[in-house]
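Look at the two complexes coming up: subunit A is in both, with subunit B in one and subunit C in the other.
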Partner chain A sequence: MTDTVRAGRGKFFDLARPSRQHLLGYILIAPAVLMVAAIIVWPLILAIDLSFQQVKIPRLGGASRPFSLNNYTWLFSSEEFWLACWVTFKLVVVVTAGSVAVGLSTALLANNRFKGRTVARLGIALPWAVPEIIAVVIFAWMFDTSFGLFGWLAIQLGFSDQMIPWVSSSTAAFWAVAITMVWKGFPFVSIMCLAGLQSIPSDYYAAAKVDGASVFQRFRWITMPLLMPVLGVTLVLTLLWVFRDFSIIKVLTGGGPLRSTQTLSIMTYDQAFQYHNFGRAAAVGVLTLVICIIASLLMLGRRSKSIY
Partner chain B sequence: MNKRVKNLALGAATATVMMMSGLGPAMADTVLKFISWQTDDAGTGEWWHSAIAEFEKQHPGVKIEFTKAERSSYADTMTTLFAANQPPQIVHLASFEFQMFADSGWLEPLDPWLKKDGIDMTGWAGQKTCEWNGETVCIMTNYFGFVMAYNKKMLDAAGIAVPKTYDEFLAAAKATTKDLNGDGIVDQFGTGHETKGGPGQYLTEMLNYIIDAGAYWTDKDGNITIDTPQMVEGLTRWKTVMKSGISPVDMSASDVRKLFADGKMAMRLDGPWLYGTTEKGTAKSDIVYAAPPLTPPLGGSSNVLAMPSDIPDDQKQLVWDFIKLTMTPEFQRSYATMGGNTPPSPKADVSGVEKTIPHFPVLLQTMKAASEKGIDRVPIGLELYYNEFSKMIMEETQRMIIQDLDPAEVAKTMQSKAESIKG
Partner chain C sequence: MRRTFAQSLALYATVIFTLLMILFPVYWLVVTALSTTNELYRLPPTFWPADPQWDIFARVWAAKPILMWLWNSMLAAVGSVALSMLVSVSAGYALSRYSMRGGATMGLFVLTAKMLPATLLVIPLFSIFSSFGLIGSLWTLVLAHSTMIIPFATWMLKGYFDTIPKELEQAAMVDGCSPIGAMVRVVLPIATPGLAATALYAFVLSWADYAYARTFLVNSPDNWTANLGITTMQGEYVTYWNDISAASVFIALPIIAIYLFLERYLVGGLTAGAEK
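Entry: the complex of A and B
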């Protein structure tokens, strides 16, 4: 091998050259892209393909069934699907609103200077750090109809003269799920908001004070607008979390009673693993994805208009 | 020169490593995967381990990898494994879930294997359930009858005799349900039913009362028979039990069994597996087993062994050897002595089992009673739709209890929905 050839090859692979720097970027990102494609995009394509086939249990590498719209036809005419949409919508609204209300309040609190602030911040973040399944099992014990803490408290405080059937009453079950999800979800909102609050220059508040702005006015006209970029993204992420969350509902109520807590994700699971209708399950999954994309776009669009 | 030697040494070392790693799999044991929810069940788990040990002794170089999957997610696990073309070689399934796998053609027909070894399955309890589209696709591992276990101390304290009928059972349960410390929360229940373990388990609990009322979901030809006066009576009984507060609600099976075993429940209707829990409970010495007051006793097929249809022939032979081993009279006997289970084989010698498991004759009696009446949890004609059917029944029953609906109207709704599911 001559020196000329070596020099030529070295030049070709010289990724430090400004004209080839983008190649280095592509090379570095390639493993991540391939990984994402393998574990997200490929299964997504499979799911979309499956949703157009009438298939009970698919088998990897098995022959495809003929193209069919039957899963979607069934879905749109199914009472169960629309009920699941309604339950999901209710849960998204209640849990997102609850998480934002508690999360923003605690962030505002933790943003002030007071004794024990570090401990308070740790306390706020704690539910987020607890693994979801452990948190849900603890809540399941607390919501237990026969011996649970919440039922006992209700009796001791005089709110009820008997234990509350948290899991066998449609209304109570919905609120049991919502309370657990808010508890698990508010720390994320709180942490994000706290980061957002700390990025607001204190000069703005000082100037507003000089102008005689009240606490509420400062919150309304300084804090909220400047927090909106953070809050908008947080809102979208929380909304998507509620949409896709499965374990809290599955462990706490299993979607019941009377499907009062059956969201689209629980319905997807039931169709696939309970009824062995993987085609229908894939159709529910694909529609959930579409709804999530539309909701995210709407939320992000709204956020962009909300900032100064 | 030195560099050349180094290179040669490096090359030789690499070649050795490559050769050894290539030889590795050939030298390794043959491993059969066996997934079960019973790996650590008291008694039954030990029986499986003893069968595996014996099999491995008889087949040097063959190992069985015995792995646990939780019962609550067992069907999901098996569905995923079969769908991914990675089924375990030894397939262990509940008798109400193998049908979907058999219907997909994923289970090996066992008739040729039985014929080859001249095994006669006549009289094997519950074996008929293993026939799918005219072929034997599994071997029934367990066929059971429900028994009633009661806490003698509690019944005596309440001055109640052991109940023999539904009415007596209800009266005894009401008399033993108590708020012992007066805090407004019931601490001691008359009986207990699992209502949190999913639709299949919910139906099993209900069936005790429904069968006693003379009703069932389908007839022997698979016709839906829900809208009947007997079913209305059965549903009324279940509603009464669940609304009268004599049973804790929203509890899993293990929690209910634990409550009973620890002396917080007076009576429990359950299968042979309750024994494992009561033996570990604090009220062990107060617990007595008897024939259930609801007749015929609920019972039926429990779990099956099968093999996948698309594994290599040499593995099929090994799996069949394992299944065959569990069917031998010796292992059928130890199924009773170790696990306290009723063996399905008519050739099993169960004499003397009552010395270690005093209530064993009751187990045998209820198993035979259930078998003679052809009782099973999975209704004929609805095997493929059992999950959907059981969920529908559970939901309509919950609606009846929550909204205080008339059982007669509920039976009509169930009939119509069941016919729609069956198609």
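Entry: the complex of A and C
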């Protein structure tokens, strides 16, 4: 009896024993949990804490200011915040719709059989591989107020009788940002939709054809319903990307003119690193996160699991 | 399904037109780099320069520390990918093989982490890094980029491990392999394509970062990454568009090359999560 106990004790660290299997699982996951706690959870808690303090530039370990709701009351009563909400909303709708329209149609196109299909697919999704900052460099020059290609094109095509002031006009600046973001954002939709399209068995189309369904009917009753799950997830991921994007807007317009392209993301950053109101910035950021979570839960509903 | 000649023609015409529209901005970047200043500041625009200035690339390479910027981007990307993979591989394996309490919470957490705006996280990270005296060091990027990489990499790797049958390790353990040995010697070699896809995707994520680099490194030019360096070439009053375009070509090339040659892996990573 004592022998078996001893033998058992001697093998305390034998991780192959079935009863120790769980322990091994926890050991393997521990480094990731610790890292995530240190670089995501703790900073996030600090940020939430900051948003409830009236603080300019915080010092870690310094005395924390008393709890106050001032940042939030300031936000809700400031025009700037509501304008940023409106700009974000407009941009999210325009860019998401544009990316889905271009992405879905290019995916449908590339799903055809033709020679050079592999090369065409690579070309269609190439903007995905162009870093955002480089995309901004390209479009900033094409949207140049004096010698930009787009201004010249607009004149040639009769949309405008003079060069368009992309930098100083609010509407023009908004569209410049939106067009740049669609160019950068649609390849992701295209890649995802193409993968979704290819997982639809071709028998379905063959059967529908036998039954006399037209091209449009096949698209409406086979392609769309079977593509919906992928499209839904892609839509939400694109929406989240527009919501949180910083670099394209910051480098292209800096949020101007007159805050006409200042989204919540840009406002968060500028409050912190331009005006040094870290407390207010944290409040904007926390609200952005809350809006992101609510929006994606609403859109995905019970399918929200499929996003990860 | 046979197409008539007219249908084929229409299809090829549409494909070529679409490709031209999509790739035009990339073409325009190269044309801008090769044009003379006179050709740039003139309307109608020059669609192909009369005398392409091929030496612009050598001139910009000599005038700006592009190699150093690329090197810094590389260091930050390799560092954050290595650190993240180290913890994500074992975590993904554990999530795939052991039923643990909190497994579902982990999934929810990955979801939230995906929604976390960088502009929010950068605020507390700035305070933390300044109190540790790290501002200006590339270590800030290694840690900050890991916040983007670890959650998605863990989840993506779990997905890959799920596709590898458990019986393989059980067979190895029957033959006297320890559980860790079975993971390292049996599962990881099979999962190599998945590991490569995850690491590549993570590399691209890190390379694309601008927000963190701008916040933590703006006052230490020796540690500027490629993206940060490029934006400093945008002048307040005058921007030399041919110079900045030539520099952009250098900075976009590594990622475009990865994309063109390893597209299969990258796309595998992108779509892995969505098709369930």
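We take it that the second predicted complex is superposed on the first by the 281 of 308 C-alpha atoms of A that agree within 3 Å, B and C clash if a C-alpha of one lies under 4 Å from a C-alpha of the other, contacts with A are read in each partner's own complex, and residues count from 1 in each chain.
Convention: a residue touches a chain if its C-beta (ideal position, glycine included) is under 8 Å from a C-beta of that chain, and two chains touch if they have at least 3 such contacts.
The structure presented is a predicted model; accordingly, all values stated were derived computationally and were not measured.
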Simultaneous placement of subunit C and subunit B on subunit A, clash or fit: clash
Which of subunit B and subunit C A:Phe273 touches, first, second, both or neither: both
Subunit B versus subunit C as contact partner of A:Ser146, first or second or both or neither: both
Partner chain in contact with A:Ala97 - subunit B first, subunit C second, else both or neither: neither
Touching partner for A:Leu83 - first (subunit B), second (subunit C), both, neither: neither
Superposed model, subunit A: greater residue contact from subunit B or subunit C: C
Partner chain in contact with A:Gln162 - subunit B first, subunit C second, else both or neither: first
A:Leu109 touches, of subunit B and subunit C: first, second, both or neither? second
Touched partner set for A:Ile200, first subunit B, second subunit C, both or neither: neither
Partner chain(s) touched by A:Lys56 [first = subunit B, second = subunit C, both, neither]: first
First (subunit B), second (subunit C), both or neither touched by A:Ser170: first
Shared contact residues on subunit A - subunit B and subunit C: 58-61, 144, 146-147, 152, 273, 278
Subunit B residues touching subunit A - in the complex, by the definition given at the top: 75-76, 79, 82-85, 100, 104, 183-186, 195-196, 198, 248-251, 387-388, 391, 395, 398-399, 401-402
Of all residues in subunit A, those that touch subunit C in their complex: 15-16, 21-22, 24-26, 28-29, 31-33, 35-36, 39-40, 42-44, 46-47, 50, 58-61, 106, 109-110, 112, 114, 116, 120, 122-135, 137-142, 144, 146-147, 149, 152, 183, 188, 191-192, 195-196, 199, 230, 233-234, 240, 243-244, 246-247, 250-251, 265-266, 268-269, 272-273, 278, 281-282, 285-286, 288-289, 292-293, 296, 304-308
Subunit A partner contacts - residues on subunit C that touch it in the complex: 8, 11-12, 14-15, 18-19, 22-23, 25-26, 28-29, 32, 40-45, 83, 86-88, 90-91, 93-95, 97-98, 100, 107, 109-128, 130-131, 143-144, 146-147, 150-151, 154-155, 173, 178-180, 204, 207-208, 210-211, 214-215, 226-227, 230-231, 234, 241, 244-245, 248, 251-252, 255-256, 258-260, 263, 267, 270-271, 273-276
Touch list for subunit A against partner subunit B, complex: 56-61, 144-147, 151-152, 155, 161-163, 165-170, 254, 256-259, 270, 273-276, 278
